[in-house]
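These notes concern the structure reproduced below.
Labels run A, B, C and D following the written order; every chain starts at residue 1.
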């Protein structure tokens, strides 16, 4: 029986090694897999390349990961925010490499990876600093920039519900990068609020089919109970 | 320089003016900041579909206090609601809407707009600045019409409408219309055509506040 | 009030003129918009370019359209079938042009059009007759063929339910090309089994957001009543 | 030519043999015809996910008579059912699964397979033939492993396993393993390695029926 439901965040993340390229879902905090990021911080791996729309907010989550010095390079569209001080400081100190990508190119380069395309001509960014040095082409009256796929070793994403085959559904604007990152990573790990029995997710409504997902971890809803080490993930019963 | 007596529009008045040009049934993306205000001035008898790059179509006004949902936000990370008939989708589809020419109108802020419709709104090019671009370049190349909303000049009085950009470009030849606190300008093949000015503004004075030649197309 | 629900197939199709490029959904008969195709036949336009996975079956639907001589060229992946005699005869007589495209390239070229890409490098077809004369490139250890978007003036598709804003959901394997064709055509016309009130389609479950759909026509389920001229479409009440 | 006495596998036996090599949890696309038969021989204690190019994952056996649904068909246009945990998606996502390397195994029929793993299965190149390709080229380049299932020779006794294709190629260097009615062959960097033969078959006789050099890798 194939069971992609995992009991322990620590165990499932332990396959991530130094130097890994990791996509992290989320747009701001919506869809950010907070518990998986905390697990990654605890794992203590180094020299990471992170792909995310932003570069962390405040002092927790992705920002905290950056602060530990674990991230060599970040590929994102919007690092500068009012509360991106952790990234700002690292960047100004030359301690982190930034590849700034227009958000739609970030999306379509991730999609290109998932779709198995070698490269795409995109109109976005043509003639701008972000296309400097890149190959361009005039096609059918319009200018395009050649952009290459963004792949990853791992994608850490947040979904709403999942099943033991890895099928996922999302919630509202937390969907954002989750489905396309799941398609572009060798190993996708999804944290979900609920693992449901096989067949409970309507085949018409599944957004990410299980083929794109290798592991699903159920995150216990925040409670007033004191948290123990393993309490952020619970066993799947499916 | 002698000024005629005019009253510049407030930010809300600029938004109100721009809102009048959004037709019924339009698919519209409103940039962060001033453009977002357009939503408040869309008339009730029109159905306008607001798109947000983070995967929302037909979102509605902010929620009542206490009903905010951290997973229902717009591109500016503000809480919103969904209208009946709205939909959620992933970033790939969302930017297909933008890049693929499915958005009728986007309204963006600007650092500078050039006479040929070049737009600068993502970077001042300052040495120590942390760069960030988000979805601006996608909207600039993808939307059928690009509206810019901006004060006519900077806080120090320098023109924001210029012959040639001095700031890094966001998109080339992309701006269709400019709404400022002083006027409305159509970017045309022949140049920047002023179609409206605030009461009391003279074309001569407006030209003096502008870094590129204007055409007087007011009626 | 925006109401994309149309009462008459005849009226909505009347905007299609000679020489139009038209995508038609469906894989075999699943998802084939049979009533829209019949409407197109009745319209009597000529010199059409048709994009479909197949080239018609038997003597009805797409095959019947081909038989009227209305189609100048067909772009498809699998014309030859046991019951594709109408196409076979036209093709052998040199009366129809065929652009044969591997099915996945058909899909991703349609997607490229919907996404606003100028061209894509796809691995499919490299080194084959179907890539003859096409530009190729070796990227990251693999060979790719440069393929251009397939756009259309119109897409005629079949969905299960729609609303007056053009939102669509599909049914089972009838989904196939519908969602991607809707994104790639200037005007998408969807026939649906039911037009529902706005808000009845769950925003999480909508497969094709209304932005990609210009017209929705409800097809009356087959009944034992004698059919009148307009009886294949009914008014939307939404 | 003298023959040792052997019994060729039936089509069902070829499918049964190939089915043994499908591991638990594999995502598998079965081509039209002989490969489709694999589904009947998958053991009950394994969960194998069958993908169909027309937008199905985890479909199941044919429906009971009278329960056929014309909108629930596989790539061969045969009626199927869905398993609990199956899903529907559009053609874009379906071919992303194939082209993007997400399918573990595809099993395809063949006109010819060359010693280097080139596959021909879409066109005989006959002048008057109506061409058709479907999803074969996508599977050939996209699946992690490509299994070919075929009779070892044509009806007229010509080899289908050849040094160089004479039919138009479907995909270059794509075949990993060949299941015929006479043997199982791994396509390796060193050449075609025969790992199994039917009872009574000799390597010499098998080589005589094959248009490319074989390596005897039977145990």
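Here, a residue touches a chain if its C-beta (ideal position, glycine included) is under 8 Å from a C-beta of that chain, and two chains touch if they have at least 3 such contacts.
Bear in mind the structure is a predicted one, so any value in this text is a computation, not a measurement.
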| item | value |
| --- | --- |
| Interchain centroid distance [CA atoms averaged], chain C/chain D, Å | 30 |
| Approximate Å spacing (C-alpha centroids) for the pair chain B, chain C | 35 |
| Mean-CA-position distance for chain D and chain B (Å) | 56 |
| Two or more partner chains touched - positions in chain C | 108, 115-117, 122-123, 170-172, 203-204 |
| Multi-partner residues of chain D (at least 2 other chains) | 82, 88-89, 92, 95, 98-99, 141-142 |
| Chain-level touch network, classified as line, ring, star, complete or other | other |
| All chain pairs that touch each other | A-B, A-C, A-D, B-C, C-D |
| Chain A residues touching chain D - in the complex, by the definition given at the top | 1-2, 113-117, 163-165, 167, 183, 198-199, 201, 203-204, 206, 209-212 |
| Interface residues, chain C side, partner chain A - complex | 108, 112, 115-123, 137, 139-140, 142, 144, 148, 169-172, 203-205 |
| Of chain D, residues touching chain A in the complex | 24-25, 27, 47, 49, 51, 57-58, 82, 84-89, 92-93, 95-103, 141-142 |
| Sites on chain D touched by chain C in the complex | 52-56, 69-74, 77, 82, 88-92, 94-95, 98-99, 123, 128-138, 141-142, 168-172 |
| Complex contact set, residues of chain C against chain D | 27-31, 77-81, 84, 87-88, 91-92, 98, 100-108, 110-111, 122-130, 143, 170-180, 207 |
